[in-house]
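So, here's a batch of structures to check.
Two complexes follow with subunit A in common, the first pairing it with subunit B and the second with subunit C.
Moving on, here comes the complex of A and B:
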């Protein structure tokens, strides 16, 4: 009887499914390079039992967790190890001292972007200067080795409204685009590439009613309340797009995607069940269209490149790297090297912090060596922060798969093949 | 301690039994200046002491039915908060009334508590849900009382340590085979050393029988009849705490009506069944007991239905015929101290029994008073005022933790109080975790093995919580066995110990082996038997169980 009563003994945060097999610890990129971090099993399920006894058992070492979720991917028992660690951090943060100025600035990617866009040439030049870096290193504890990604003179949304918005209604099919902060403030070309690609196969692209930063950096830096506010705004907009306009929402950033699909409900308590399946990474969406023979892609005959694909942690958690890789493989002239799945070490804003710089580079070392050994001219990944880290650490350019697809695409031939006038 | 030393000495008092009562008596005797030897046939706290709820009763549970026990409890409760701080967690407790219970009883209960001197505050069900979110939300009444959680292993060790600090000698794995009797006078004990099979005789002026339910047999060897009435109680341990306050049902005591948060786990219990005295060593928990415990447990805290059960265990309460009545017609839950000179004409022999783990100190005081009366010692009892080792005011604090790996150090302070200062923590090896579930470091293992009478892994578990977490020894047991093998320079013994330990862990998991507990056990078996071949390297068949 007792056995039947307990058929589904799954406690609220399911750490009891852990059988202490320790596989998670063997794949943890942090535990691999430092003994200061006790590893996901100890920090997560083990420590949780003590924290339930008394929150004072919170161990500061938990701040070293990258939230890369590789432990969750590896766990044979389905324990949400990283979520447990994040929640413990959240509990230890909420109601305590406020986040530092540094963490607040790093976390507020859209606020920083809005200001920097206005003064982009000055900002880019200043942020790159040695004295600026020295000040940021010592006063703000932002590591001097880091360079902020260059800010664009024109925001993606400004470009879109001026140059693209009008044409979109003419297409037979429609999608919305959650561009994210990086596309909007730093690299509008990626958004333009997506519009180019989608238009070529007959899809109009639209902005959401209201988009705010997805909040992945806010969560990582302990600014949970702000993350909740922004998350609710985004899900409201996404819901309108899906239910009112019948448009799924595409993204080009694996972290934004993962955050809005899985971290919103798990970390912020935002119910997105009705729209979660409609938040989709663009490569996955396009792959399925091709696979179902709804669209055709024609690539340039003379395109020749050797590129390595790096699986970002959050796309690995989604299990979607397959779609990006298969999309890239469709390009005839592309010689694709699939890298071993290793963390690059940046983990969003983590690697920007002075105290984490060495650890961050140690974590990424294996990946950087693999890239060097691959003898490629560029690297492709679905995550913008991996891009900064790999560019800084290997000197090679890093491009999103969507940009590579757009570059390799024979637009005219594709439009014809899909009967787009 | 060499056997010769014991052999040649005559002690003032030999105490038989290494549970809380024996340890408390040894401490009291030693503090009053007597020369003391305590002998225990297994490990310390293996009997009823280590097989209960870990509940520090306020006495409220007994208030309605047994006012005297209730008064004793609240008085000892307040004393233990002072003298055994590191063994106690001051959680407070709730007595809840559910819709199926009679709310009238609450009034009777509160009045009885007041008569016994127990603070009992009636609180709003809403307030109860707020302060203890795990409580059954359908409750219709709640009373807050000063219940608490207590660790009986630490408590016993604390008493033994203090006894030793004051000159007492203590031996585990020494079984009393018979008493030495000369002209109606007990003059010592005949002991079997269960570790090496040696037999020795040790002399003393008084022998105190503090052997709990096994005290009946000790008395029998001297031709004295004590009628014990073993009452068996089974309990379940859950993988983590669902509650942070003790939760009781506000009704006449019945099955499975107390849920206690103990350290990292919580424990529901107990059942209560009279059993024949011949079966007191059979601690296997039945399917029926598990069913009752869970069925009743979820009424107290519904989340127990979805929480992993890691173990089941049972203990035997030593209920005894009172009033020096050898026929055993009237049974008491209270403390019974028998001077066998008056009762049976056998000089130099005292039995202290009945009572509860909760009142161990008072039992020790009563027994020591009886011993002192015989020996003409007039020193006063000071056990109620002097803190146990580990509970002194000036213990280590958070500031004493090293910056790295503070988790295990913090857990050790929780377990050993100020004695944690003796645990080495100055290098990475000493700070390395052996037991990851419970945060036990190499340093803590060293301390326990060298200073707390540890002969095997089960002893080590009682002193440190090694292997008490959700993996039940899967990861820590081989590491701990390796350390023990290193200290003892004996690999073969360490291997056997490891196999015996895993076997002992499985026994407790077996009655609740479904779902994740079964998966856990399966993985453990795969690692140790399938991968390491432990079952072929070590044959446990025919080995005497000396846990």
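Moving on, here comes the complex of A and C:
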């Protein structure tokens, strides 16, 4: 009896799994460049013991955590170190203080995008001007080195409804697409590339009933309640797509994907268990179709490029970089360099903040050097904020694997190979 | 996803096996549940250090006297001699510079100042070939102010007992002092990240040059070179006296460096290393394993012709114990362990502990057994194996490396 009781007596506190081996501290990109941050072990499982006693032990330095999750990936004992830190931040923020105007603006990528799209030429020109940057730097504390990603004149959804929606029903198979803010407001081409690719192999692409920003930036900036509202809307739409329409949901952003699959239940308490497996990064979905010989991809004979692949933090946490890398390796003319897995330092909105600029660049320095040494003409990554950071810091163009695949694809030959009329 | 070989576990043995196979053009995927116990390694490999509490001088000769159930006995001393040379090559191909011989052990120094028999030691670490002929008479033991990871007084005492004359000299530099703002981060791996630029290394060298006095060798904790040995080389070039490193408490810079180099080499050979994923189950067909499911890849199991179980021992969760049994959690293969829980441990932490010798059962070809029958295409290597005792016998890293390459050979020969 006593032994039976012991068998069931396992702590609910995940931090009890920590064996104090300190391995997480060796991979933290923030602790590597500043002594102001206590490191993941101290900030996470160690600090949590104190915070359980008294929330007053919350250390403001925890705000320096990038939530890159590299500590969790390294942990040999399965401790959810970054989740512990994020929860502590959440507990310390909820109901106490309001996010600053700057943080609210940075976090509301869809609000900002909607407004900016309407006045895209003006917004792009203005945001790029030195006086604007100086004002943003001093008044808004958005760092002057940063250039806001250019806003598109036409939203992806507008393009889709005008030019693509009609043809989609004709295909034999169907998927939904969670495009995310970046594709919708800044870079519709990525969404167009996905439609081109999926259509070429016989899949119609559809929008969700209702899509809102996934909320990854809201969580990072402490706007938890708004993140919960938007998360519930998204999961409701995803559920309809999966159960009503029998369509899995594809994504092209690793952070949106990670957020909706893993942060929704872990951070926001949104139950997504019934649809989690149906939220799929497009490269993974396409890889599976190729692997199971359900589709064929034919690439252009004359396509020749040397490209480096950067593993974004959140795709590493998903464990799915394998699919993007294997997809890129299928392109015969592509010479792929797999970069060592280092954080680029931007971490969504983190690097945009004036107080974080230098830290952000110091964190990314190793990666930028590796990219320079790789002697490539472009970099590929599944994360849009890594794209901005790497483009700004290395001068090289950065492309999502889906865009590279679409670019290298021989559309006519692929349609024929898959019997698409 | 189809591979030639899938290796479960991502530590020393997994990488050694993966590199051996990838080098012959095989498609290999390694599934690593986070970082490995190599981060507890002090910069040396040991083939066989002790038998019955006595240090082993000639490991290859002593291997012939080991009991039948030891993993080395399944491979045989002759093959181990040949494999030990290939291990040295594997390290040098990966950029890891080590010295030593399987014919005769040398001595490594632990952070506690104890000399232990070793097979290979990093060239920048203190190595003693002959205790009667020390590599230096007079050591300047440089103690970093505020540094946690070396108990300096114990280390100095141990070195004196070995016959060295030792001066303990405390020092610091601006770069080192800046780390003290965050007391929990004053660790070896943090120092290694700070002491990288020529300026930072020059400031250390200036201290060493001005403080080392009459000593004929300078000893520093192993806090240089998280990626390769170039930071050490730079510092040595700036320092007037011969410089050697001594292991620190974990996580160790030397272990981190070796893992980084092995992983990098494995990737260069075309291998796939899945960091932070865990093999959770397997599918068997008859006497073969057909696929392995991982936590992250979910509904896309890894299929392969051959599989290798390199998941490590209890600390790495390759073996699990509950209140009723000891088991292998991924594939449920047979383990060698006492049924009677009372026998797993003995009172007194320094006493021999039976559980150190527990692990998975294999046949002569290192194939795992399931219900007593060998699985044709599944081999076990490294710490997950039964029949050896890394603590009492000093054979941990040796078993990892030797079985890894022996298993790679079996996989090739079976084609």
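A few remarks follow.
Note that the second predicted complex is superposed on the first by the 410 of 421 C-alpha atoms of A that agree within 3 Å, B and C clash if a C-alpha of one lies under 4 Å from a C-alpha of the other, contacts with A are read in each partner's own complex, and residues count from 1 in each chain.
One rule holds for everything that comes next: a contact is a pair of C-beta atoms (placed from the backbone, for glycine too) under 8 Å apart; a residue touches a chain by one contact, two chains touch by 3 or more.
What you see is a predicted model, and the numbers here were worked out from it, not measured in a lab.
Of the two partner chains placed by the overlay, only subunit B lies in contact with A:53; subunit C stays clear of it. Within the superposed three-chain model, A:38 lies in touch with subunit B and with subunit C [touch as defined at top]. Of the two partner chains placed by the overlay, only subunit C lies in contact with A:340; subunit B stays clear of it. Of the two partner chains placed by the overlay, only subunit B lies in contact with A:17; subunit C stays clear of it. Once the two complexes are laid over each other on the shared chain, residue contacts for A:374 go to neither subunit B nor subunit C. Within subunit A, the residues touching subunit B in one complex and subunit C in the other are 3, 6-7, 19, 21-22, 35-36, 38, 41-42, 46, 77. Chain contact summary for the complex, subunit B toward subunit A: residues 239-241, 244, 261, 263-265, 287, 290-291, 293-295, 298, 303, 305-309, 404-407, 410-411, 428, 433, 436-437, 439, 469-471, 474-475, 512, 514-516, 519-520, 523.
Those residues of subunit C whose C-beta lies close enough to touch subunit A in the complex are 1-2, 33-37, 39-40, 178-182, 184-185, 187, 189-190, 193, 250-251, 256, 264, 267, 272, 274-277, 294-300, 315-317, 322-324. Per the touch definition, subunit A reaches subunit B in the complex via residues 1-3, 5-12, 15-22, 35-36, 38, 41-42, 45-50, 52-53, 56-57, 59-61, 77. Contact residues of subunit A toward subunit C in the complex are 3, 6-7, 19, 21-23, 25-27, 31-32, 35-39, 41-42, 46, 72-78, 277, 284, 287-288, 291, 316-320, 322, 325-326, 338, 340-341.
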